[in-house]
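For reference, the structures are reproduced in the following blocks.
Below are two complexes that have chain A in common, paired first with chain B and then with chain C.
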Partner chain A sequence: MSGAGSTHAAERRLSQLITVLAFAMPVVFVLVPLAIFLVYSFFSVDQGTIVHAPTLGNYVRFFTDPIFLPVFWNTIVLCVSVAVICILLAYPAAYFLTTLKGRWRYALLMLLLVPLLMSYVIKIYAIRSILGLNGFLNKALVALGILDQPSTLFVFNMNAILLTLSLLLIPFAILPIFLSLERIPQTLLRASDDLGASGLQTFLRITLPLSLPGVASAASFVFVLAIGDFLTPQMVGGISGFTFGRILYSQFGTAYNWPFGAALSVALAIVVIAAILIGERFGRSRGTSV
Partner chain B sequence: MSQNTDLLTLRSVSKSYGTVPVLHDIDLSIRDGEFLTVLGPSGSGKTTVLRLIGGLEPLTAGEIRLDGQDISRMPINKRPFNTVFQDYALFPHMTVSGNVGYGLSVRHIKRKEIARRVAEALELVQLGRFAERFPAQLSGGQRQRVALARALICQPRLILLDEPLAALDLELRRQMQEFLKSIQREIKTTFLFVTHDQEEAIGMADRICVMQAGHIRQLGTPHELYYKPNCEFVARFFGENNLVAGKLGPVQGEQRPIETALGRLVCSISDQPHLKTAPDGASAFAAFRPEALRLADANDGDNRFSGTIADLAFAGSSTVATIMAGADNAAQRLRLRMPSRIDGSILKSGETVSLSFAPHEGHLVLA
Partner chain C sequence: MSTLPRPSTIFLAAITTLVAVLLYSPLFVPIVSSFFIISHGNVDWSSPTLSTYVALAGNHDILAALRTTLVVGVCTVILSVVSGTLLALYYHGRHSGRSILQFIIFLPFLMPPIISGLALLIFFREIGLERSLLTVVIGHTVFVLAIVYRTVLMRLQSMSRTLVEASYDLGANGWQTFWRIILPNLSSAMVGGAILAFALSFDETMITILVTGTQSTLPVRLWAMMRLGFSPDINALVALILMFTVLLCVLAARFLIPRQMATERN
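Let's look at the complex of A and B:
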């Protein structure tokens, strides 16, 4: 009996250990670093060394300095635009995928997701060379007679960031939209036909509303990835394409002001959390089963 | 209710999926106002019949006529039929009234009119109080009734029901059967009901169409199917039956004998001309229902044979005896059903008894 009891006790201790680990991992690797960030945002820097005395100075600077808030706002607008463009391009692609049968559907989906396997930097270089003054886009537009001479409209400015981010992030929009479209039971669409709806009515009244959760998560996904990105603006933004991510990067890099960078990160984190919450709120479908 | 005019006619309808045929040359007429049940085991093609009529799938060959007009190529959303799907297919993002009113709103009918007719339809299926609920907040039986209300609100010429009761538990299924039948009587609309459950079919249908392996085996009233099955499949599939193989003897008016392992059995062939014309010596079965089989008494001349009671099973209102008859009382298994009695069965297990059935209660099917 006692032998059995001790095995039981050992098993119980093991399962307790697993439980503790399961909770400890995210705490140690996610919550603690975030908390350290939060704490650092209340410190300051004096001649290259961090002063460990609590102050609200960083936040006051963020809200009062005429540089930061406009860039912050412009970046949010930029990333919302990226999300909108991605949704508008990804929805038809995802919809087209769901009309394909069996093997073709997944083969094409994989093909659309292959760019995710490539190096981010290489993709940005590739897109930059397409958008550049002597790039494919300009050459094509000139050849088609749409432009008289190559335009500088597409590179080293906000437009370039918008186009590049949209192109890079489309796969992240296609996947959730595709999944939500695929989850719609075919019999619902047949039921709609059966009740006399036209193809367009079925799309607008059944397919579209039922795929909105996927659209919402795609949008928040793309927005969050876009707003945290500093590499793309750095590489294709030039001087005029100044985003919040670049400011943040410069605080940790060139300016060596970690506490202020941490404060800016906290501001960014609040926007990201808000975006995720909004996405989650609209992503929840009202009815579950059919 | 003009029961005798044909609403819908299927003529030589065939359907194949790729190279696999699922329906062979089906002819079927659905009468205006009737409750027609298509009954068959899974894989018999019964759901395919319904899907072809509803326009969910194209025909491979043949034609479907509505009031004499060919509608084979008419798109699904133009056909004046509505379907109650097996899994209900309610729109999860719409309320009950949104679901029920859908068929009207896609036809751009005025809001006020829709609201009135939705209220009416929900009243009919006794769901008035649930108008603002979502499908996920309803029980299976309630969803079922929403699906029915949604189908009948468009006043279709024909309502197609694809095993709509399969997902419900037994008690609820019984209630829904009565409910469906009473609604059908009230709105006087033609119902085409597909099921694999013969009890369901007997309980509701005016006529039953029995299908097997892509063919219609028999079409008739439940009574006809039960007492005059026209083939071995129907005789075995529809209700419990005793089938004894043998060779036909010469016709004797409305009766015909058959030589079997149980001896010479005489069965009725009235209203079954194909049994009159079948040649002598043709292979056939004598068929008689367990409730027609009984202990023989002195007056029984025909259809007398002995058997040994192998097993007795009490089934509530009736008791079923399994009897071994034929050579050495072992060759042929038969069932006998008699009303149960409070003081125990008069039959004893292991006993050898003399059995009989009346010629007019027996029928013949060709092998």
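Let's look at the complex of A and C:
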């Protein structure tokens, strides 16, 4: 819009208004709330009211209390495991998609992404009923003779959270891996074939290294989405499946300690930012040079 | 490239099938339950019924939540498309301060929703804004803005500058160029952004739980009901929403994607 600086006064006023809006909107509705949130993490609570005096108490409590650091660490391990499971399932599927031609490729990709549009809450509920004592998983395992009787191994514990999050987040792993596989020039594969490499050699030396940026983005997507979720652990975690997201959420509900919750959020944000930066770093390094 | 299926191809196809089954099984459960009665994990296949759909029509609580969700979705789409397009137009080709503000716009989308939601919750309390549908719409708009902004910005970047220059050369002023050249070229990107924004808003749960007042949207209503277990009519609702979603996807794929590909190729 290089013509915005025309002589019409109305137009100039409009463009000034747009300038103000363009800066004000993100600042007022994103930056200011986050800044207030950060400031809150240095406040404290006394008798159910928030004390507006700076203190490092929340952070000291996070690092010294024997509860929080182990849960924090376990949650990180859990979410890394979710990312690994998602990639192990998503990579072969994405690879298979790229072997298909034309319409089929995108039709099948669409088919694998459609479940994303389905209500998150409903999916958690359905997965819980599949994993439960009377659920399909137990019935199948008993029918196959793997289990003697239905087991409570798959619901209301950490396993349940791991399985449910993996099921929910697979599509987020498929898309970036598919995009990075699709971007590999076919000529490279043909050249490798011409030079006498076997299918496996071509895969290990050409395809896999060139698709790693997509794997890195997929891992960081899945990890970030998994660690921020408090609905799934709340719903399928039971008493033993305690995650960081749940503790954080409880600070704004039953525990009613907003400043401490804000401090926990800062810890969560730091992990998330680190994951995004790592994903970005490895997701880009080779992708752009091809 | 042989046409015979090799072992590796069969392996890949098997994994892909497994993934599809895993992804669709949670959708399958409510749909089957909407037509058949399930007791103690056993489906009674002998007597299909539409009673769940009849019950849904009488469930005013859920229908009210659905209406609220649609209202919130439409408001979010209007706000995010208008402001996302304005922001994209403003920052397109302008580099001072763009990367920082772009980063700020993307923050709520990158951060876990619990952080964006809690930050907004505290913000609304500090400025004395009572939690209501307005705060929900603000929360959703902040969340989806990045997607609309990016969709429109990418279209702007792929648009040839000569179009705008030609318009000025032919004597059009800024307004005419905007209405006759820029906006029509952006329209399919805006529609695409709007569909994405609506889909995200329709299912947004975590931010909504934190910033909603007494009126809850459908996902939040479902979340509250889930502790006690769902009544069968919820399954009917789920089946209907799924059909609607698939229809929307097919329509979007049919009308939107080929046109986008065609414009990108030109």
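Just so it is clear, the second predicted complex is superposed on the first by the 261 of 290 C-alpha atoms of A that agree within 3 Å, B and C clash if a C-alpha of one lies under 4 Å from a C-alpha of the other, contacts with A are read in each partner's own complex, and residues count from 1 in each chain.
Just so we're on the same page, a contact is a pair of C-beta atoms (placed from the backbone, for glycine too) under 8 Å apart; a residue touches a chain by one contact, two chains touch by 3 or more.
Because the structure is a prediction, the values reported are computed rather than measured.
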Touched partner set for A:Thr187, first chain B, second chain C, both or neither: first
First (chain B), second (chain C), both or neither touched by A:Leu195: first
Contacts of A:Leu210 with chain B and chain C, given as first, second, both or neither: first
Partner contacting more residues of chain A (chain B vs chain C): C
Chain B versus chain C as contact partner of A:Ala93, first or second or both or neither: second
Touching partner for A:Leu34 - first (chain B), second (chain C), both, neither: second
Residues of chain B defined as touching chain A within the complex: 54-56, 75-78, 81-83, 85, 87-93, 102-103, 106-107, 134-136, 150-151, 154
Complex contacts: residues of chain C adjacent to chain A: 6, 8-9, 11-13, 15-16, 18-20, 22-30, 40-41, 83, 86-87, 89-91, 97, 101, 104-105, 107-108, 110-115, 118-123, 126, 138, 141-142, 164, 168, 173-175, 177-178, 182, 199, 203, 205-206, 210, 218-219, 222-223, 226, 230, 234, 238, 241-242, 245-246, 249, 253, 257
List of chain A residues in touch with chain C within their complex: 1-4, 6, 8, 11, 18-19, 21-23, 25-27, 29-34, 36-37, 40, 89-90, 92-93, 95-97, 99, 106, 108, 110-112, 114-115, 117-127, 129-130, 132, 134-136, 139, 167, 170-171, 174, 199, 224-225, 227-231, 235, 245, 248-249, 252, 258, 261-262, 265, 268-269, 272, 276
Complex contacts: residues of chain A adjacent to chain B: 185, 187-188, 190-198, 201, 205-206, 209-210, 285-290
